[in-house]
Amino acid sequence: MPAFETLLSPVILFFILGVLAAAARSDLSVPEPLAKSLSLYLMAAIGLKGGIQVAQAGFSPQLLQVSAVGIALSFGLPLIAFALLRALAGLDRLNAGAVAAHYGSVSIVTFVTTADVLTRNGMAPAGYMVAVMALMETPAIVTGLLLARGSGLVAPGQRSKLVREVFLNGSVVLLLGAFTIGLVLGPDRYQPIAPVFTAGFTGLLCLFLLDMGLVAMRRLRESRALTWRLAALGIVLPLVNGAIGLSLAMLLGLDAGTGAALVMLAASASYIAVPAAVRLAMPDADPGIYLSMSLAVSFPFNILIGIPLITQLAPLVLG
Amino acid sequence: MIATYTRKRIDILVDAPLCEWVVEQAAAAGILHHSVLPVQSGLGRGGPWRDDDGYASVAKRMFVALTNADRVDALLDRLAPDIERCGLVIAIQDVQVVRGERF
Amino acid sequence: MPAFETLLSPVILFFILGVLAAAARSDLSVPEPLAKSLSLYLMAAIGLKGGIQVAQAGFSPQLLQVSAVGIALSFGLPLIAFALLRALAGLDRLNAGAVAAHYGSVSIVTFVTTADVLTRNGMAPAGYMVAVMALMETPAIVTGLLLARGSGLVAPGQRSKLVREVFLNGSVVLLLGAFTIGLVLGPDRYQPIAPVFTAGFTGLLCLFLLDMGLVAMRRLRESRALTWRLAALGIVLPLVNGAIGLSLAMLLGLDAGTGAALVMLAASASYIAVPAAVRLAMPDADPGIYLSMSLAVSFPFNILIGIPLITQLAPLVLG
Amino acid sequence: MPAFETLLSPVILFFILGVLAAAARSDLSVPEPLAKSLSLYLMAAIGLKGGIQVAQAGFSPQLLQVSAVGIALSFGLPLIAFALLRALAGLDRLNAGAVAAHYGSVSIVTFVTTADVLTRNGMAPAGYMVAVMALMETPAIVTGLLLARGSGLVAPGQRSKLVREVFLNGSVVLLLGAFTIGLVLGPDRYQPIAPVFTAGFTGLLCLFLLDMGLVAMRRLRESRALTWRLAALGIVLPLVNGAIGLSLAMLLGLDAGTGAALVMLAASASYIAVPAAVRLAMPDADPGIYLSMSLAVSFPFNILIGIPLITQLAPLVLG
Amino acid sequence: MIATYTRKRIDILVDAPLCEWVVEQAAAAGILHHSVLPVQSGLGRGGPWRDDDGYASVAKRMFVALTNADRVDALLDRLAPDIERCGLVIAIQDVQVVRGERF
Amino acid sequence: MIATYTRKRIDILVDAPLCEWVVEQAAAAGILHHSVLPVQSGLGRGGPWRDDDGYASVAKRMFVALTNADRVDALLDRLAPDIERCGLVIAIQDVQVVRGERF
């Protein structure tokens, strides 16, 4: 299937509709509670699905290997991002550290869209990748903070809040919780809830990506802090991180779907969990920089270019 | 006529993730009771934001407390070093309250 | 099937439940974000469905004919409404123009309910009617404004906002966008999202009409500006406009379903897109008049009398 | 099937996930409009289902018998609760009356979860139990008020509001309204909306119970007014009321499923309709007591212990 | 310069189920026009609450009216016996308004 | 003690579709920064409304800005011809702010 075909999936077309509507300054908008509800739903659904697949396939040593690699990526990728942001865009330590934390972490929606597209192309990633994603969400925050501040610079009162934000973040808890429920349920007991969590999945993902398109484009239009260098890095970083992810996937001998998912986890940048934690730990870093880069540049790039690209590439170099 | 007393109302516009911290600072300054109002959109030095932009912007809250002048001063002293860094927008007014002993 | 049978569809019964609950002053209410979310969903769903039907049936010259007629109706119907409102209800120019704009435009929910009922009676309207509806939404605002003000009376700063409101109105963009997505997808690629957008449709429409019943009846109970003459016109105008629509449908030789849909588009009055635009362009017109007429009188009339009537009539005089 | 198996249903596992997340102080939370929307949906769905079952099974004299017993329970159970609360927990009249009203009324979510679990265990309760539940919601408020205040103590201006709250409460209207719609529709005309109201039911119930777990546990963590005696009574009252319900079910000769549902209606305590009415009629009663008992103690007890227990017990002693 | 007039603004924090009652009392005191603002969370003597706790807590509203001093007094007199019992938190301020005849 | 400065707070109740226009007028009067609070229900000369009535009524917003007296006057002058027509409800108060140079 040509790369172009991937763009014709309903999910991506709704994303494009959102982008165009916001670019034309239409007043189309998705109510905030719907967006929040859809994101809860999507996390519960992929958590469950992952758990059930692992319940069927059984635990494999690969699960542990890939988890370890994922955690290492989340800790490590911010180092590269930090260096590039300092050298090429001239960001100060604080803002470079804040942005780096985002690129070490992952975008859940990018992962979900990737999995959806891969599955329709006959390359469903392994179920445990959901757990790997959850594990990759927060280590990057630690690295980003250390880079920005050196050690020990979080105010004492804030520290416990930050630890909670990092380890008990709602999305981490929901993903791992639903994953565990899926493991416990197994395929049979999952049947009664399959109509909601399986049959409804792609359709609801369309509505969510419509919103993401609107939000990303509005952000792009309104961002003042986004220089050309930063925008360029918003494309370079996913490519660099994705390449690193791909090399590791080859080293680990992952199948095409699972490897492609790892690549997109590495390539994607957080715009939910990390911004909230960064706001808490580095309130003086500029959200105009880190949100615009991850949400308005890297996210659309990954959806519109990254996913079609890896869908073409993965079967050639992996598996 | 029911008696009224002059007290202070302090309103603090604050980023949602930092709201809990303002609440703690207020409590430490003796302002235990408060309310938090939602804010829908705004424009500041950091550009425009709206709460239905989800992840695209940092939502704000409005912390409101009725209290007395001493506690307001105590709270301002606690917040002072961070007001600029955290972008707090603070307004203080005189108000008349009933049940003055509560505030 | 007797007209009475039409009232026994689940959609209409939930509407009646809403009306009764509000009439009895129950505190039953539907959260605003749910109502907004359902209306987004319904627009996406009918847009998609229309696009897919056109993708299957192919473009027909009729599509262009009916579109032209629809646009002409939207521009033209306010003239009649304006004359009747001035002559029979003694409204001033400003309020008569404001109300007229509503009756030239369309009610999406009335259309959706019509299509649902017609389809269950074996008379599904042509897919392109969704696009016709989107085209009919906003021209009426222009006529209404000209009638109310003569030309050139919108304040300069407002004009660009009004143009955006008229052409890039969220519902127009979503309807035409989803229609286009449907066209591009075609029936096969639509399959993964069919459970949400097709199977879920009628059930979710029930919840939406429950809300509409509550809202319409509450409006009726609380409206102070609604005189008996205005209320009577809220019934006369749908009949007059519907009759005009029916004549045109006969002239064009439309099939029963498509023709009935055109009739209900003509007969229905907007209560979403137009009120917002009117509030912007004529803030001194009284919403107590235009909202009460379109929402509290014409909307229930169309749902409870208009749809059953046309469902009986259409197969006799059309197709 | 062992009691333990009941806990492995997806619905209960999501409840436990919510409880654990709140206990760990995660920031996971369900947006309020989603919770409200889900509860509207659940009420509409069970109302419809009940009505359709009665339409199929026909009216039976049992329906009237069980309704009368349900109303009697709702009026009568608060007397026992009041006596126990005064004697064992030393509550004053006002607060004892307020709490008693909650235990005479019912928890819709407990009922829905019970029905879901019973149905999966081959003991679906009779359809009319939905109507019985609706009838049991509000009589308890009257008894609670009389106990707290003696007669005539509601301020005159409040009385009409209270009557509306009691008889036209949103949940009563929606349950009975949807029940009636189900009766009118019958199984055939229900088909088009079955995907939403039947296929989607258990999955959406999972999301709702996730929220209930979060909310109940947060309440437990933050409640200051909950003494050990009150907490103990939050477990004793469901057991006592459930035992009374069971005796009556045996007397009436109900089948296992219907009887088990009656038991759980008796055992459960309201935390939606009654708190609102009590806040209106007895604003000086302490919500810290009545909400904590019904929501943070009895609700989880009923879900985690009560339902598995009665699922085991009912087939042995009933029907 | 457009003329402004000194009037009163009265803010009343009230439990949602009692809000309609406050509206009625205000109307009886001659304060027909008002607005109600949502409140998102808070902390009082009854402990913390948040509006997304659904059933777990009693949500609050903020009744706001611009009116004149006499009507404020009339409203306070009507509310006086219930302020404590219903846990009303009331704040009154001087404000400048335009179209003074409206308030 | 941290220094506070006397400034003005202006609150404008406005129909949601006209809110953007108020924001523009404020900007033209030099009031760039502002916040918009949601309003949930109300009663005015046009009868009652509530925001969950969707299409049945015109929702309101509350525009709030902290600024100085001159800019408030400039804004009032700009709004003056439309206040009646657009049904604006305006209230102005003295407030104490920190970081006085910002407002």
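Letters A, B, C, D, E and F name the chains as they come in the text, with residue numbers starting at 1 for each one.
Just so it is clear, contacts are C-beta pairs under 8 Å (C-beta built on N, C-alpha and C of every residue); 3 or more make two chains touch, one makes a residue touch a chain.
A quick note: this is a predicted structure, and the numbers were derived from the prediction, not measured.
Shared contacts of chain B and chain D, meaning chains that touch the two of them, come down to A, E.
Looking at the partners of chain B and chain E together, the chains they share are F.
Comparing mean CA positions across the assembly, the chain most remote from chain D is F.
Interface note: chain E and chain F, two copies of one sequence, contact each other through mostly non-matching residue numbers (shared numbers fall below half of all numbers used). Averaging Cα atoms per chain gives one point for each, and the point farthest from that of chain A is the centre of E. Chain C and chain E have centres, each the mean of its CA atoms, that are 39 Å apart.
Here the spacing of chain B and chain F, counted between their Cα centres, is 19 Å.
Between the Cα centres of chain A and chain B there is a gap of 34 Å.
Shared interface positions of chain A, i.e. residues touching 2 or more other chains, are given as 29-33, 36, 195, 199-200.
Counting partner chains per residue, chain B shows two or more touched chains at residues 37-38, 93. Of all possible chain pairings, those that touch are A-B, A-C, A-D, B-E, B-F, C-D, C-F, D-E, E-F. Residues of chain D that touch chain A in their complex: 8-10, 13-14, 17, 20-21, 24-34, 120, 195, 199-200, 202-204, 206-207, 210.
Here chain D touches chain C in the complex through residues 31-33, 36-37, 40-41, 44, 164-165, 168-170, 173-174, 177-178, 180-181, 184-185, 189-190, 192-197, 199-200, going by the rule given at the top. On chain E, the positions that touch chain B within their shared complex are 13, 37-45, 60, 62, 73, 76-77, 80, 83-84, 89-93.
In the complex of the two chains, the chain A residues touching chain B come out as 29-32, 35-36, 157-158, 161, 211, 215-216, 218-219, 222-224, 271-272, 275-276, 279-280, 283-284, 286-288, 291, 295-296.
Only residues 1-2, 4, 7, 9, 23, 32-38, 61, 66, 93-99 of chain B touch chain E when the two sit together in their complex.
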